[in-house]
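Once you've had a glance at the structure underneath, I'll fire off some questions.
Per-chain numbering from 1; labels A, B and C assigned in written order.
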Amino acid sequence: MSVLLQVAGLEVTYGPVRAVKGVDLELPKGEIRAILGANGAGKSSIIRAIMGLVKPRGGTITFANTTIHRLPPHAVNRLGIAWVPEGRQIFSTLTVQENLLMGAFGGRQAEERPVRQEQIMEMFPILKTRREQFAGSLSGGEQQMLAIGRALMSSPELLLMDEPSLGLAPKVVQYLFALIREIRARGISILMAEQNARQALRVADYAYLLEVGEIRGGGPASEMEASEQVRRVYLGG
Amino acid sequence: MSQILDHLPAFWVVALITAGINAIITMGVYFSNSAGALSAAHAAIAGMGAYTGAVLTTNFDWPFPVAILAGALVGFAIGVLLSLATLRMNELVAGLTTLAFGETMVIIAFNLDYIGGANGFIGIPLETTCNVVYLLLALVVFIAWRFDRSRLGYAARACRDNVHAAAVMGINTAWVKTVVFALGGSIAGVGGVLRAHYVLVQSPDDMGFFFSVNYLIFWVFGGSYTLWGPVFGALFLTILPEFLRFSLYDRFIIYGVILTAIVIVRLQGVITRVPLGRRPALFEALARLRGRGPQTVPASSLGGPQSGR
Amino acid sequence: MEQFVQQLVNGLMIGSTYAVVALGFGLMFSVMRVVNLAHPEVFMVGAYVAFVVVTGLNVHGQGLGMLAAVGLFVVVLGVAMVATGVVGLILERLVIRPTRGTYILTPFIATSGVSIVLQNGAQRIFGPDPVRIPSVIPAHTFAISGVLVTSMQLTTVLTAVVIMLALRYYVHHTRWGRATRAVAEKPDVAAACGVNVNLVSQLTVGIASVMAGAAGVALGLLYNSAAPFMGLLFGLKSFICMLVAGNRHIEAIMAVGLLLGLVEAIVTGYISSNLRDAVAFALLLAVLFFRPQGLFGSYDV
């Protein structure tokens, strides 16, 4: 299986603080991989670096044979990577419809945009009913759906998800992870950063353990679930 | 000092005295802003101190040193007032309030005939000499040096960095901010009195937004939170036009270009070394964060210089 | 009563130009968190371009038919808008882009340097005294239900209204307008959606500058003069309009601009003309104390 995304030796610093130290990871096409770690471990920094929002101090990031770590975010988006930010981050002063249109701004497969929009509305019926409402008036779960829908509007090959379950009710989280499986079924590869290891391991194919900016372990999800270390640290024994 | 001055051409003396006065007022800005405030009213504060001192010497024949003291007191009082008024506001709104205050003072001064109204207060005796100016400047710098090392100075810096964290640490942030702002106001008042007794006229326009912005420019340009920065900024930017003695307008055009260019190239201000007992490595890194002062910049901002280098 | 309505009409006219310049300030602030101190000088440049074009073409409005006069006005407006647009784009690329995103005072001071250059440049080229701009629109006075409006006043208001409507349409109904709103709210997320944020920045400053230039032409032709420091007080008042209105809705800025013009006219007419300039500051102080985020709300600063 071909490798879609390759991260090698990634270093991210914010001033004197080294948030990411020499991280290697890869994402084969069609897989869901999770980066597990506590708050502040550096998961978001990795995601942001891939998206081009932070310029890494060192290391390389390659996507579909293109070096992307020097590219600005809009260029990364146009290559086929979409971002579901931490904390939803929908445009609250735009309507639901406008949020979705923003997702498609990059112009990938522009001709199919209306079809894609319909498909996404089918996937998230709640968005259909609230089409003309300001996105700020949606509930947390609805906003997360919108954020994901918006990301899907760009017809991405790779979806970056930053803590998708954060702040959501357990029932919504279930629905969310079922959704993630369905997205993968449509041929989109997913790299997610998650604190909720239990749920993440159920849906991911492979997981990395990130602690204080370094990869401390990684393996197929089933192995990780079974491992002593992971059970103790992330799954509460 | 006077012997040196005798050898200089007259306009140099003028430039030096003016620069020195500007430096004093800019140090007032330095003090007032050291706890996180942003004052666009210092020209007005200086002006009000100036009017006070001028009235005392001209109308009541009081001695000059007393006038200076009076200016300091007036500046202090106004500083307290402004600080209390803007205590709960966020930085930008507080700055705007000081701006509005300054302009309001201009309008009031315009309409007060006792102090000359639109024509300004004239007939002020010439009392300011180069010696006086630089003596007082040295005094102010000395006070600043002691302040930076004092508990009040550290408390002010803490308030500036993160007002909530400072409060949690037990600092009475309201008190610190007010004292510090008032201190800066009193220094500005002194500067105003000096200016009035040199230029011999004090008019309402001198208190306006334009001049307050000038002092802010000196402050930021030189290096906002360093000891010598404001002094350097005021001296450099006041004397620079004197070097550019081409046509009247060319010199300001070049001045504007230099100002813009230097701000762009050195976003953190010209002087950035902050030798105040902090760990040098930390400050080196912070200086590299270009202009945001002691706060760490989030991963990205609107296309601006991206940190994480 | 007629006198009152007359004052209102005069006030609306000035107010509409305040609004146009204030919108420019508001755009740049909400999209880029930048206070562009050179914006009032761009307004001044617009007026001077009008001066150059009108005197260069050596045409006097009085002798023209209505259609030709309007055509001439459009030409002058067009040239000025192109010129100020270019100035804005250069300003963005050289001065604003390197300094935005950092401390809020840095672009403020950098653009203040530019304003010094522009003010003194104008003095150097045209002299410190106001220059006279011949009329373009022949002077007619219309009486609309008892109120007197000159043709140039009408032109000014029409121009301002057209600009404001165009801006509103752009912001709410076009792709790039949507992108601009998105960038104003969350630049990172917008960038990740494929928006070239630098391009939006250029667009924003360009649009704001074009608008300021148009306002400069209108005011220059209205008062038949241009002066190097005409931007100072006018710009400050427009800036205050933006502050008072907040940054959330451009309609708010439009409304406040008109309001300021109205109140100024009433104060001038009925209280004292000395206090005219104080109105803006009084308004600002009042709003700052009661609603610091502006009358209609603002984005997080």
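Worth a mention:
Criterion: contacts are C-beta pairs under 8 Å (C-beta built on N, C-alpha and C of every residue); 3 or more make two chains touch, one makes a residue touch a chain.
Quick caveat, the model's predicted, so the values are computed rather than measured.
Taking the mean of all protein Cα atoms as the centre, the chain whose own Cα mean lies nearest is C. Farthest from chain C, judged by the mean position of CA atoms in each chain, is A.
Work out the mean CA point of chain A and of chain C, and you get 43 Å between them. Look at where the CA atoms of chain A average out and do the same for chain B: the two points lie 49 Å apart. The centroid of the Cα atoms in chain B and the matching centroid in chain C are 31 Å apart. In chain B, the positions touching at least two other chains are 297, 300, 303. Under the contact definition stated at the top, the residues of chain A that touch 2 or more other chains are 53, 72. Touching two or more other chains at once are residues 188, 191, 197-198 of chain C. Of all residues in chain B, those touching chain C in their complex are 38, 89-90, 92-93, 96-97, 100-101, 103-104, 107, 110-111, 209-210, 213, 216-217, 220-221, 247-250, 252-253, 255-261, 263-264, 267, 290-293, 297, 300-305.
Listed in rising order, the residues of chain A touching chain C in the complex are 51-53, 72-74, 76-78, 82-83, 85, 89, 91-94, 98, 101-108, 150, 154.
Residues 175, 178-179, 181-182, 185-186, 188-198, 248 of chain C are the ones that touch chain A when the two sit in their complex. Within the complex formed with chain B, the chain C residues making contact are 32-33, 37, 94-95, 97-106, 109-117, 119-121, 123-124, 183, 187-188, 191, 197-198, 201, 232, 236, 243, 274-275, 277-278, 281-282, 284-285, 288, 292-293, 301.
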